[in-house]
């Protein structure tokens, strides 16, 4: 009787995650590049107001890590799309895998990356402040006091936003892998719906509002986690029967 | 060819069919591979070798019929994946890892992988652990892939045209390494090639497919006896040819002909043939495979003969 | 607008995929990669440490004003000026007086001089009070809110030069205030208790004025507005 190696799903997923964290470290290089770029953009301020009277003039510049967070969300989306492309999808098949373990380890990898991205995005707001204080000449540096719990909640919120975007990117990427024509079709479909619905931008506003106007952190967390689970789950279903056509 | 005791079926195919759009890449293939044998999958380009291997490896899903590897359906099967390695020239590895890191990663997935052997083979074939897979030449890449294939010691090792792009010397060395490691650590090996002469020395069994269909599946030794060539004056040869299925025929000019027929001649018939001045010769397995997989029985000469 | 921004987002996604792809594979920058990760982590943690080591007075803690509060403040200031102009200075809160002067005249006349145009200096309101030669001057400064911070202290009271029978209002330097405002990240703001959206408006009208009490019978020359009795 021949000896056959046992393969438990959780072991394989764990090995794949470790493998991906090492092999796809380029993801983190691009994260740093995006965040550094975003910090440079942010140094110019995200908004300003000014005014003048006979003997008084003022200029108020507003700074925040918003650009860093938004670009990091975009990074999450792109990274997820990238993981669904053939080059990365087939890497798993050179080793032990099936479609479920390959996807689950991708999802874990994305979540780990998003957590890291969220933490660095929020920490970079300190870097931004230190840079502004060092290089911007003003009469006053004004800041709204943020308590530690408030800041931590914001950090988790940021992470959840990034995960949400990467879950969306993963599903979009998976769809485009079903058939090449979907790469063109999907955005065309999206854009034409938008053009047809101009004047009725409620849909987009509703979607953005569904997450963005939610002031209760717990409800927000619930909304994003459930949405991400649904999106990732749909990707699993889409890819479950996909063949490896190298 | 029996090694005694009962044998477990490693691969079982029943009526296996794969359809791409309107073309049938595989048509109703049935065969069984038993444990610890080296089987060669032989066929011309486009015969469906790669499709068959990819279905066995769980890359593709069969359209109809049944395929079992270790008694389980290979598509989306983790157990099959853990005990099978599929080596082909399209093996993709992350560009960020060098060969040493790829081997280390492979070792975490394949618990039987012999790192020491892998490193010794790498050294022998002048591959540097610090090189990157994408920067290797085609032949070097094939060499690396086959090293992963040998050293991972999977219960089922599948090679698809493993030597493409390799130098003649490297090919020989590779097959020798494969055979040596196979003898030390028996396992089931299925390897495809369109050149039988290259692999016939190490094969125990041969599975010949033609246009997506199984043509024959037999022991290598049997294949060598499978056919016989008759050569002599065309008049007498034609008589022999009429009575049996001709696998291959060609005109040698000056009124003589050469045919290959199934080797089921009785001792009496052999005697009779010799008396008619016909020369009887064995047919090499290599030539036989070429003849068997030809579309016409005349081969390329037919294209040029005007008669 | 939405379409354009979505198109831009789409284009950047496609561009991003190509650029990121290059990051992932083609460049085998291994040694520097460790330095890049480590360096970034050190910079981030370092900036957190530096931030917390900054002296206490680096930041002015902003009181977040809403649009309504700012508009209310401007209304208050107009109201205050109107009260003063209508002789109801006693109804104005003393807290607005930021500086006071007393000055004794030699004769029965007062000459007030100021650089032209005079309003670039300060508005001067006056009432008749008392019969001695003493003049009382109060400066009513106004609140100025810029970028959610009260910068009233930046606007100094005008400087007065007293002669025998003259008061000269020095030309005030124009005050330029620059404020760097660190706003909360939207992900922080979303779950913060103070839901009030911060205003980008400012209250900064030049409503400040000098209020003089001039003895009865003193003849005044210069830009003085006598309030209605």
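Residue numbering begins at 1 within each chain, and the chains themselves are lettered A, B and C in the order written.
As a convention for this text, contacts are C-beta pairs under 8 Å (C-beta built on N, C-alpha and C of every residue); 3 or more make two chains touch, one makes a residue touch a chain.
Please read these numbers as outputs of a predicted model, since none were measured by experiment.
Novice: Using only alpha carbons, which chain's centroid is the nearest to the whole structure's centroid?
Specialist: Per-chain C-alpha centroids ranked by distance to the global centroid put A first.
Novice: Of all chains present, which has the mean Cα position farthest from that of chain C?
Specialist: B
Novice: From the mean C-alpha coordinate of chain B to that of chain C, what's the distance rounded to whole Å?
Specialist: 86
Novice: What is the distance, in whole Å, between the centres of chain A and chain C, each centre taken as the mean of its C-alpha atoms?
Specialist: Roughly 39 Å, centre to centre.
Novice: If you average the Cα atoms of chain A and of chain B to get two centres, how far apart are those centres in Å?
Specialist: 48
Novice: Residues of chain B that touch two or more other chains: which are they?
Specialist: 94, 96, in rising order.
Novice: Could you list the positions in chain A whose residues touch two or more of the other chains?
Specialist: Within chain A, the residues that touch at least two other chains are 24-26, 87-88.
Novice: Provide the list of chain C residues touching at least two other chains, using ranges where the numbers run on.
Specialist: As it turns out, chain C has residues touching two or more other chains at 24-25.
Novice: Show me the residue ranges of chain B that touch chain A in the complex, using the header's touch definition.
Specialist: Residue positions touching the partner: 8, 10, 35-36, 54, 58-61, 70, 76-79, 81-83, 86, 88, 90-94, 96-97, 101, 105-106, 108-112, 155, 187.
Novice: Quick one: in the complex, what on chain A touches chain C?
Specialist: Per the stated touch rule, the residues are 24-30, 32-33, 35-36, 45-47, 49, 51, 53-66, 69, 74-75, 77-79, 81-82, 85, 87-88, 120, 122-127, 129-133, 136-146, 150-151, 153-155, 157-158, 161, 187, 190-191, 194-195, 198, 201, 204, 212, 214-217, 220.
Novice: Quick one: which bits of chain C touch chain A in the complex? Just the residue numbers, please.
Specialist: Within the complex, chain C contacts chain A at residues 2-3, 6-7, 9-10, 12-13, 16-17, 19-21, 23-25, 29, 33, 36-37, 40, 43-45, 47-48, 50-51, 54, 58-62, 64, 119-120, 144, 146-149, 151, 154-155, 172-193, 195, 198, 200-202, 204-206.
Novice: Please name which positions on chain A make contact with chain B in the complex.
Specialist: 1-7, 9, 12, 15, 18-19, 22-26, 87-88, 90-91, 93-101, 240-241, 243-246
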